[in-house]
């Protein structure tokens, strides 16, 4: 396979190998926390932060960490950063922390993060790993943002807490509940596949 | 009195009024006949004549030494013009012997049978085989095989199949009315061969004349037969259904009627047996119903085997311009014909030409799981699922849902509101299942 | 052997470093987090207790409750109760009088009930003047012998509240959570 | 009884004699060469069809079934328009229109060929509208119809592939989205009189124990959804469907029967605490659901046994929801719940095929 340029390494996570739309990873937080745009954004940024930092470390020490215990080592590294993120959120933006609930700690087992360490950071240099992590994180964040925006707008009539729909708009209660998350995500994935199919054709 | 019948099934409009009161007429000898080498289930015959040979009516022109097979006879007196591939009414091109009529009709008869009651069973079976008699109801299974069950099967009942449940067809009906004695005699001979005491004659209730006539002659001659009038329902003519209707016995899955002690034969077969034993005549002709609203004068014709269908239509005043489809056999299981040179074969019980008025063209819809096929299937299968599995090549599922039980009667496709060719898919599924089984057997070997 | 040693060393190092980082982090963020938690809780507690009282936190039998006293005289207790609602866990802060005869006030801390129906227990947009009319009903409500609810009619007794039309289950759940919680804390506190 | 063998040449005569004794001569075919029938066939612009058997068909077809069900709904539609006035009519029209537009759009996007003329979208629209309160806002009705078609039917692959009844799925979406509006009932009012909000019989029963009179329930002079109020009109249509065999009689019988028996038992145990079975039968959407929604062919079992289980299951779920659940009405959920089990029922209840049971050895 041809070596990817730096830009391609970064961009692939946003569309071609998007963790949610294409790889279908990390769906649990995706479905659970995206009731409001604010939550989606915060979740995405927290995950991106963890991804970036752990990719950096894993890539840096990839030659030092013995193969047999690499997963354990990754988990410890990831867990450390997740805890950092969790505590920071709790300390500085307690409201968001409260609404994200257990899903920030659950980033530890988010397949996207462990997956990138295993599939990419442990095999590539620091620069590339950072680009990859940033791309993936951004892809994740963007999808979460879109998903949560749709759900917040339709389900609550607001966006980032601002009233943006017309006066008589009736909230679609289902959108702020679990079924709404599945419906919206399904539509997004279908849309992405449709666009890809059209691009290929 | 409530008439006996089987469970499920359906009752299509029978359209027998076109020809049920038309007496059998003899079709004049055709100038050319095309006689397929295979007109039966079993081993294909090899031609024993060559191009240019002169043949007599009833002369064996193709034969084989295999047991499950039946020889083929020339149906006219003439000269073999050719042995080549021609259109077969079952849709393929098959090897046939083309004979051109020449000179006066001369017969070559079978070895004469003395009094059949004192002739050994083996001798009678030989005569039946040499006469080329197969199941004339359409299944075309060699009759001598059917009449010779393995030692371990004890047969106690014989059923004469005069059901003729397919719409349009009236050839058996007419035979029963006009050739009652010969049919009964044929039945008696077959029962004699099988050493069976109980004989039943199953006739659907829409043939009152045939029932009355058979009943009358049975009593008059003094046969120990029971005429069983049956409720009109399709597919009652199928062996397993008929056995259930008459005797309330169920033939187990993958077993034959003889496993429940029954042998079923068609009335036309009985007639042919009588002809062969009493008159030493091989099977060279049969009664075929030419009917449908697309035929100008529907008729029941006694035609020589190998007569091209066009001769039949000519004898019936031709077909109408707006003929929509032409099929051999009944509408439920018959094959559409695309070539009127195709000849009459042993299994041809009728040729039907219909106009668009009776067969509307419907578009196909997706299956809406209405269950009509499940509620109709006389074999209690789930045709909609079988058809889906067949399309999806889910071979193991096909087996699990008993695809091999299907008797391909067409009831499911008849009732299907979505107009799905269910039977076709099931047939495809059977082929796929067999292929898979063959592949597995090969791998094992 | 060499590789085993390496594994042990590397893993130990990683965990030690990570532990150290987290220790520092904890030291830095804990005060803030605790402060926030306390703030939230204190706000809730003060809302369900009378004004101008001294509030003490008491731990007893693994439960935390708050004693409100005025001039050395106990005027009430506040505690957190929780239980199953229609589709989520309901968490309420409730204040009761010292003799457990009346509820001073109740406040819903968390609920995720059916939007538009069950959520009316906290906020009913259809009642423009008083969106929190439902919880407000609990103010000065008699607990003896227990709280009951009525449907579609105005409450007539002093231990009755009116359930929300269309959200009977959520309304009943609030009542049940309060009844059970008060019972439980009454036993603990009056022990 | 042996018979003298006739000479071969006598055969023709013999048959002639027996068949047409009055005509002695063999029927002669006209000597002049007739045109070959085949040529006649193919010369006309109409070719004959080569097609698999059977060459005759039953009288049912998918569109015919759909339109018949619509026709069977007409009495109920007329009654509801009489009861609720133009509001009901507008709701029905909007739902049908939105459903058809959604189906058309899906056809175009999925490139499946037009299927709006098979009647299923119209039926879904009508059924959805029947389950909505008359005062339900138009835009949301349309939204429900679109969801019903797109998420209830087309995403599964179109007609026949869906698992859940599309109309009920649309209604479930609306119920989850707009729980307040969808439970705001209007009492029927004849044209000219403003309708007032009021509770449904079931809602009334479960809030203050009032049992509405059977007469009102039958005629439909009660609050409720557009199509569920008049039991008589629904029964007329439903029984019509069963008579012409477009609906499986087992489904309504087992569904309503189970509700009747189950609630009857409860009522006999304690008439104070439980509503009487007739009230349970005729209130709410049971009749509508049992005759028109549970019998939806696509989402009901195909085997007789499966159908019984399906109906009984729905009845039990319905009574449990109504009596012990938090909702006054459970027809929608009971049907959707059992819809989900249909593929399993179809698998479990495969009929024993003919001759599958080993018959007892004959003597």
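The chains carry the letters A, B, C and D, assigned in the order they are written, with residues numbered from 1 in each.
By definition in this document, a contact is a pair of C-beta atoms (placed from the backbone, for glycine too) under 8 Å apart; a residue touches a chain by one contact, two chains touch by 3 or more.
Remember, predicted model here, so these are calculated numbers, not experimental data.
More C-beta pairs touch across one of C-D and A-C than the other; that pair is A-C. Chain nearest the geometric middle of the protein is D, using mean C-alpha positions. Note on chain placement: the centre of chain C and the centre of chain D lie 50 Å apart, centres being C-alpha means. Distance between chain centres (mean CA atoms), chain A to chain C: 33 Å. Chain D has its Cα centroid 45 Å from the Cα centroid of chain A.
Chain B and chain C have Cα centroids separated by 84 Å. Multi-chain contact residues of chain D, defined as those touching 2 or more other chains: 178-179. In chain C, 114-116 are the positions where the chain touches two or more neighbouring chains simultaneously.
Counting only residues that touch two or more partner chains, chain B has none. Taken together, the chains touch in the following pairs: A-C, A-D, B-D, C-D. Interface residues of chain C facing chain D in the complex, by the touch rule stated above, are 86, 114-117, 126, 151-152, 165-166, 168-169.
On the chain D side of its complex with chain B, the touching residues are 1-3, 5-6, 8-9, 11-12, 15-16, 18-20, 26-29, 34-38, 40-41, 44, 46, 48-58, 60-65, 118, 157-161, 248, 297-304, 307, 346, 350-359, 362. Of all the residues in chain D, the ones that touch chain C in their complex are 178-180, 183, 207-208, 326.
By the touch rule above, chain A contacts chain C in their complex via residues 64-66, 68-69, 72-73, 76-77, 79-80, 83-84, 87-88, 90-92, 94, 155, 171, 173, 176-177. The residues of chain D lying in touch with chain A in their complex are 137, 140, 143, 151, 155, 173, 176-179, 181.
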